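The data blocks that follow each hold one structure.
Next, two complexes with subunit A in common: one pairs it with subunit B, the other with subunit C.
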Partner chain A sequence: MSYEAPLKEMQFVLKELADINAIAQHPGFEDATPDMVEAILKEAGKLASLVIEPLNNIGDQQGSRLENGVVVNPDGFKEAYQQFVENGWPGLHQPTEFDGQGLPFLMQSAVSEMWNASNMAFALCPMLTAGAIEAINAHGSDEIKKTYLPKMVSGEWTGTMNLTEPQAGSDLSAVRTQATKEGDHYLIKGSKIFITWGDHEMTDNIAHLVLARLPDAPEGVKGISLFIVPKYLINEDGSLGERNDAKAVSLEHKLGIHASPTCVMSFGDETGAVGYLIGEENNGLSCMFTMMNHARLEVGMEGVGLSEGAYQHALAYAKDRTQGYSPGSEGRVSIIHHADVRRMLMQMKAFTEAGRALAYVAAGAHDHAYQSTDEKVADFQRRRMDLLTPIVKAWCTEVAQEVTSLGVQVHGGMGFIEETGAAQYMRDARIITIYEGTTGIQAGDLIGRKVLRDKGATVSELIAELNEFETTLKAQSGDDFAIMSTQFSAALKAVTESTKWVLEKGMETPHSAGAASVNYLMLMGTVLGGWLMAKSALAAQREIDAGSTDEFFKTKILTARFYAEHILPRSEAYATTVQSGVGAIMDLSIENF
Partner chain B sequence: MSYEAPLKEMQFVLKELADINAIAQHPGFEDATPDMVEAILKEAGKLASLVIEPLNNIGDQQGSRLENGVVVNPDGFKEAYQQFVENGWPGLHQPTEFDGQGLPFLMQSAVSEMWNASNMAFALCPMLTAGAIEAINAHGSDEIKKTYLPKMVSGEWTGTMNLTEPQAGSDLSAVRTQATKEGDHYLIKGSKIFITWGDHEMTDNIAHLVLARLPDAPEGVKGISLFIVPKYLINEDGSLGERNDAKAVSLEHKLGIHASPTCVMSFGDETGAVGYLIGEENNGLSCMFTMMNHARLEVGMEGVGLSEGAYQHALAYAKDRTQGYSPGSEGRVSIIHHADVRRMLMQMKAFTEAGRALAYVAAGAHDHAYQSTDEKVADFQRRRMDLLTPIVKAWCTEVAQEVTSLGVQVHGGMGFIEETGAAQYMRDARIITIYEGTTGIQAGDLIGRKVLRDKGATVSELIAELNEFETTLKAQSGDDFAIMSTQFSAALKAVTESTKWVLEKGMETPHSAGAASVNYLMLMGTVLGGWLMAKSALAAQREIDAGSTDEFFKTKILTARFYAEHILPRSEAYATTVQSGVGAIMDLSIENF
Partner chain C sequence: MKVLVAVKRVVDYNVRIRVKSDGSGVDTDNVVMSMNPFDENGLEEALRMKQAGVATEIVAVTVGTEQSQDTLRSALAMGADRAILINAEEAPEPLGIAKLLSKVVEQEQPQVVILGKQAIDDDSNQTGQMLAALLNWPQGTFASKAEFEGDSVNLTRETDAGLETIKINLPAIITTDLRLNEPRLPKLPDIMKAKKKPIDMVEAASFGVDLTPRLEVVSVSAPEARKPGVIVANAAELIDKLKNEAGVL
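Coming up: the complex of A and B.
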């Protein structure tokens, strides 16, 4: 099995759905010409197939391990990372000011998909670094920026995010790590857990961003500050100095992403770890929030990448494995001839394409929002991005659970054998609905901050667009479109009524919104996926009408039809559940569970 | 975490849904008095909690391994198995003729649930042995029965099923292992894969049942014969003789059930393995079919057991883990106070109870079918059992995927850490939708052999019963029941229309039935689960009306309401998909995937 980036599909989505050509008009994005986009995707695809994917199984089997205080990565990871750096991938979307290429986030999302599809454990290292760069760039002093960003943008150094403590997971207000001021710096003392790529030997230095509390800080989230704590202190001339008092003391033994060292980090075991303040004191949480949109969209992309990887893996097996007979075929057939295997593959394919469409559209909204010179456009796109972000994060990752599990199922008994590789996608995927805010947290964000807070203004704007689209879809002739239209209308009704319910009843009891939230989010994801699939089908039909005989377009229409027949009908089930509200959920006393 | 068998719930389901008291009236089952049932469940629960469950993590971590040709089991397994044997558990449902206790299969199912909930890898060993006993008892010669069955019924020896070969998985017609006659026995040569507990040192001997082909056998399934191949040959006086030429040559490295050795077996590497024919030559497949109902119901029970285990595990964590604030509570709360966590737990609980109800009802139908002296009753119950078997197997195991994955989600980041134990349920569960016939195979069996073959007679009988029940449910007053009634009626309509579609259109194109089959099966499972949950709620209401203040009954009603609000609505989505038939599934040419 070798992963091949679906270049044609990616280009289609970038152009037809995510508006890459309009994005390239924004100042700063002039380089994102169609030729450049094509060339970048092609090069990234090569690296993913030839260098990164071949390490995926090795990484899973060997894992990263802690030996004598040093994190040892699986064979080949350091070399692959060096090639990744030499080719300039860490800087793709980073500011030109710090020697990045300044290309759209949308482009970053497309190449991220490839890194995740080929080796998610590997992809996490630059992904976390990009998050750290963003926080430093938005809130760091000029000196800190000058010291760290060029090295991090080039990938010579990596970055980590140190948020979680044993008692502070989803609830960061419980953070206890301490920081005390000492001259121009702070001394950090405390323990952090679940620190992704918290230590490794792939680079000379690592910049840890650490949430901690000053001695007299207020309780709760308003008393948290953000610090940068380098693994090696940096001399005035920029050369590396002493080892800082910050180290990985153990690695977690995890279900998946074995190659990614998940560290327990200890800061200040001895004298205290030297750290420097990022942003204002006690304003650390809002510094973290800066990068949250990015990070959540990136995790959604992990879902898309893993889904694509699992799909390609299962497809290759289904074409190869001979078993049983099929109506209309002579002799034994490869299992892709069996209708139920075909159904599973179509389900994987349709979900993956819908997830990709939604994630790219959200990434495009991000670029418009930050880069458009038209304030109205920027405002509109920022609202859209804010609304879509929790949906992309949660829905694309929940979908990945289903897709990667189907990938195992397509393999039959072989899927349960680790050497086959199908199970790894499923194991790796199991973290993505959890970290960077669980599905429940995303759903709470969606229903609380994105729907209820502005009294439905943003979501109504989107629903209005869906209504317009319904008219367009209805007008398209042909059986495939008639089916899409029927199912889309039913789904749109489901989302409209459920949104009305949320706005009217979401605050009825203290738990109404919380009880309904995940089903509401899944409903939104399902319907938006159906919208974008149908929109893709219309674009494909235009190409066919214009004379194209490329099978890609016919395939796109059939996949959209499958989505309408097999996935969109779930919308009404989600809607019924949303509208049952808190129902029986909170009535059972805890002892009676 | 320590598993506790849900004794009250089990007794409730046995009595109210699965008809244990009527089953105890059948000749041979007189011992299954209410007192005896209670005592058996209690004792089994103790063994599960105190002896079997404590080995679940150890088994996962250590796994079984092959060392110098010998399978070494995890620490404690041999001792636990000996205690299991000393307490007489292997013989619970086995014929009294061979020193079994002859209790109903329904009782066996209930205790199986406990073995699976506490340690599925362990439970597989006696489960496979029971399958072998059944095949030998139904088709073996008197001499073979006399030689093997007392030892297997007592558990002194175990049994295995050797079906699969690399090229023959779901399609057994491709079996190539050879058998040649030599005097009173046969010499077997060939390789078998995926042989559960194919070798171990927990007992003195192992009886392998092996499918093989005689030299002049016809092609395909009509040329397969069944043989018994002991690990150690048996002398005329019953003592153990030479080592037979049958051995485990390697173990698979699997996603889950690590303690269960999944062997590649080699028969006849040297002189040929000595085997004895079971049943007629070339009739091996029908001998295997004998035990298939049992085995499929048992695997469904694995789904129920794992779901219960995962639920208890997640519940304990949700009660213990403090994180965040909740409306109406002061200070930080345990996460079970959060509405979305509560929703996940209710989903796990409702699914588990519905699966249990369905599996026990099917097991009860089995007992009626085999043991009733009233031929009409026996016929009716055999049809019912045949219809329910693929649904129990596939639906309860698919449900277990969702439940065990939710179990991980409830744990948040800790769910991804192996030491927590939540991920093991999910990993162990991933095989059960695959072995003993995949979900696709079960769905094909349901739609082809159980629905289309008798032109809907059996399924219509069941739907008629659901219609009667609808009337009863409607007549029950109270809000909870009104909700159940509304959702049940919608679900019943979905199943009625989909069944009509299957009967009318299922043969329309060669792939219609195959394309619709899994969604049809999932629809049936969902609706039957809703039926039995509502039936349970009515029984609970009767107890309340009769003056009971036991919270168990109130809880049952709320859980049934939750099922109606959160799970039953899926019925219509499945129905829409079923009725879209082959749709876009087969239109895409293989190259265009």
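Coming up: the complex of A and C.
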């Protein structure tokens, strides 16, 4: 079974929900015309199916390993990466100034979904490079930009993010790596852990972005600076010089993403690693925050991609595996005939489509926010993006746990056996709720920074939009829509009341918000997913009313109805939990756990 | 030398074909369409000829509807220099296509025309041969290897009897086998540049050739579904079934 990019679905979501045609109106995005979007998605889909996916299983089995201080990647990865670079895919959303193609982030998201669905361990390498490019472009000096960006935009060099240390994970203010000034550069000393693609032989050079402290830096978040530390120093003429004192000293053994080397990095073991400051001294964390929205939305796309991959895998198996009898069918049937297997596949499909819709809408908000010339629009969309980002990151990745696990379940016993590949999606998916800020951290961001800080202004705007939509949905005739409408109204009530609770009671005790946060985030994700699925169904109905006989549209309406019947009712449970507040959680003392 | 490459828009090879309910043909509504795979081999060969300095210009041509622009854009993204779309509402039969192409050859004066040995929609395997006959040019069909040498080309042909190597003089018609090469995937910047490359649109009617259909489609039906297998008790039963049910012994 090989992955096939769901091109029609992607184009539908881009057009009907994320409004790519409006985004293409912004200056700089003129190239994102419908025919171009179609051509790009089609060719990216081919690369994903023909080149990247065939390495997914090999990568899982072989993994990356450290041999004599060198990271050896699984067979075929280097060649595939080179083709990826030669074909220009790393530059899709990168600035034209550095020879990127300058296409919308929304397009990048759709294409990222394909890379992730076909081989997430591979996809992480260009994903982190893109994050590094963004930080350098926003805060680096012109000289640093000129030296690094053309090579990174083309993909000839990759980039990494060196934040985590043993005592500094979710709490980066605890970073201890040291930086001391030495003429025109700094010397970096310290270790970092869990560094994705921290070393490899796929490219000539790697640019490490490293968080470290200056000797006189204040304690905490305000004392962290950001540095760029190349694997090989770069000579005046741009050629590569000496090996820098920055090395991968060991690789972790992991549950998933085996092909992606997760490195313990050692900086300055011998002479000190040469690094250059990005941005201002002691301002490193805020430099990192610039790229946070991007990176978090990208991790949300990992959830969507893995869900899609797991769904396609399970669907193929369900059509092929014969077992048991089914009412109305003669003889033994393929398991897709069984109502419960259909239920599982529908659940996978509906969650995946809702996650995709939400992630694309957030990516679209990002494009409007950065590129719109209308300040009002830009401001509105920026707030919308800020609100949606933690939801996309956490909800799409949490949903992926359920979807990839169902993928195993559809396979029965064979799902537990590695040979089918079903388990790999589940193992690979397990990391995505953890890195780039855990679900708990995202939920804290949502409730603290995005809801409470502006006293509910942004979230109320969104809820007002949902209320308007409720009226539109109610007006649509037909049984499927009646069901969607009933369930949506109940879900909307749940989110409205829970938001009110958060605003009124979220600060009642020091732990109120923390206890409610993940359930509130899951509630938001679930309801927004229901909103976008129903919106899709209305768009599909318009096509049918206009005479289309394409099964895709009928399928969309049924998938949206399933979402309303089977997933949206969870909203009420989440709401009950949110509003029960701290409840028993903090009453049980630590000793009694 | 100039190379003309004929390309056709067909239902993508990954799509499971469905026959229309009235048996009049295959349902092509709402399905993914792509360049005929054999034509991709043809274009790839032309691109390699250009890289090797043998070809100087590559022109992609298709007979189709406005939607066939997609296919031509793919050809331009892979590296064709320009493209010609011959617009024909009713899809002509192979002979009609060959006639139209012969007119394009007269205008463009290529030294080589490369076509797929067949298109995966109707599997006719006729157009290249008919074009060669109309032009009175030598032809090398089912090519799995092509080596250009001055005014001629050495072609390896994949035939039922094995590989045959022939030498034909230029100008010539070549039709491709899948083993000829592995078509490249286009580069993102080239996909974007393809939009700016020229496509000439010409009406089929303007060529003044007779496109009247000569074939009548009586009916189109899906192949019969394979019957489930049975486990036989012993060799005697197997032989009995082969004799009396299958009638193959």
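Criterion: the second predicted complex is superposed on the first by the 593 of 593 C-alpha atoms of A that agree within 3 Å, B and C clash if a C-alpha of one lies under 4 Å from a C-alpha of the other, contacts with A are read in each partner's own complex, and residues count from 1 in each chain.
Keep this in mind: a residue touches a chain if its C-beta (ideal position, glycine included) is under 8 Å from a C-beta of that chain, and two chains touch if they have at least 3 such contacts.
These figures come from a predicted structure and were not determined experimentally.
Enquirer: Touching A:Trp89, do we find subunit B (first), subunit C (second), both, or neither?
Expert: second
Enquirer: Based on the superposed arrangement, let me know which partner A:Glu551 touches: subunit B (first), subunit C (second), both, or neither?
Expert: A:Glu551 contacts both subunit B and subunit C.
Enquirer: Going by the contact rule set out at the top, does A:Val408 touch subunit B (first), subunit C (second), both, or neither?
Expert: first
Enquirer: Name the contact category of A:Phe469: first (subunit B only), second (subunit C only), both, or neither.
Expert: In the superposed model, A:Phe469 contacts neither subunit B nor subunit C.
Enquirer: Which chain, subunit B or subunit C, ends up touching more residues of subunit A in the combined arrangement?
Expert: Counted on subunit A, the partner with more touching residues turns out to be B.
Enquirer: One more residue to check, A:Asp587. First (subunit B), second (subunit C), both or neither?
Expert: Touch status of A:Asp587: first partner only.
Enquirer: Is A:Lys46 contacted by the first partner subunit B, the second partner subunit C, both or neither?
Expert: After superposition on chain A, A:Lys46 lies in contact with subunit C alone.
Enquirer: So which positions on subunit A get touched by both subunit B and subunit C?
Expert: Comparing the two interfaces on subunit A, one with subunit B and one with subunit C, the shared residues are 551-552.
Enquirer: Help me check something: in the complex, which residues belonging to subunit B touch subunit A?
Expert: That would be residues 164, 167, 169-171, 174, 193-194, 252-256, 315, 319, 322-325, 327-328, 332, 336-346, 349, 401, 405, 408-409, 412-413, 415-419, 423, 426-427, 430-431, 433-435, 438-440, 443-444, 480, 483, 487, 510-511, 514-515, 517-519, 551-552, 554-555, 558-559, 561-562, 565-566, 569-570, 572-574, 576-577, 580, 582-593 of subunit B.
Enquirer: Please give the residue numbers of subunit C that touch subunit A in the complex, ascending.
Expert: 14, 29-30, 32, 34, 70, 73-74, 77, 185-192, 194-195, 228
Enquirer: Please name which positions on subunit A make contact with subunit C in the complex.
Expert: Listed in rising order, the residues of subunit A that touch subunit C are 4, 7-8, 31, 33, 35-36, 38-40, 42-43, 46-47, 50-51, 83, 86-89, 91-92, 101, 331, 548-552.
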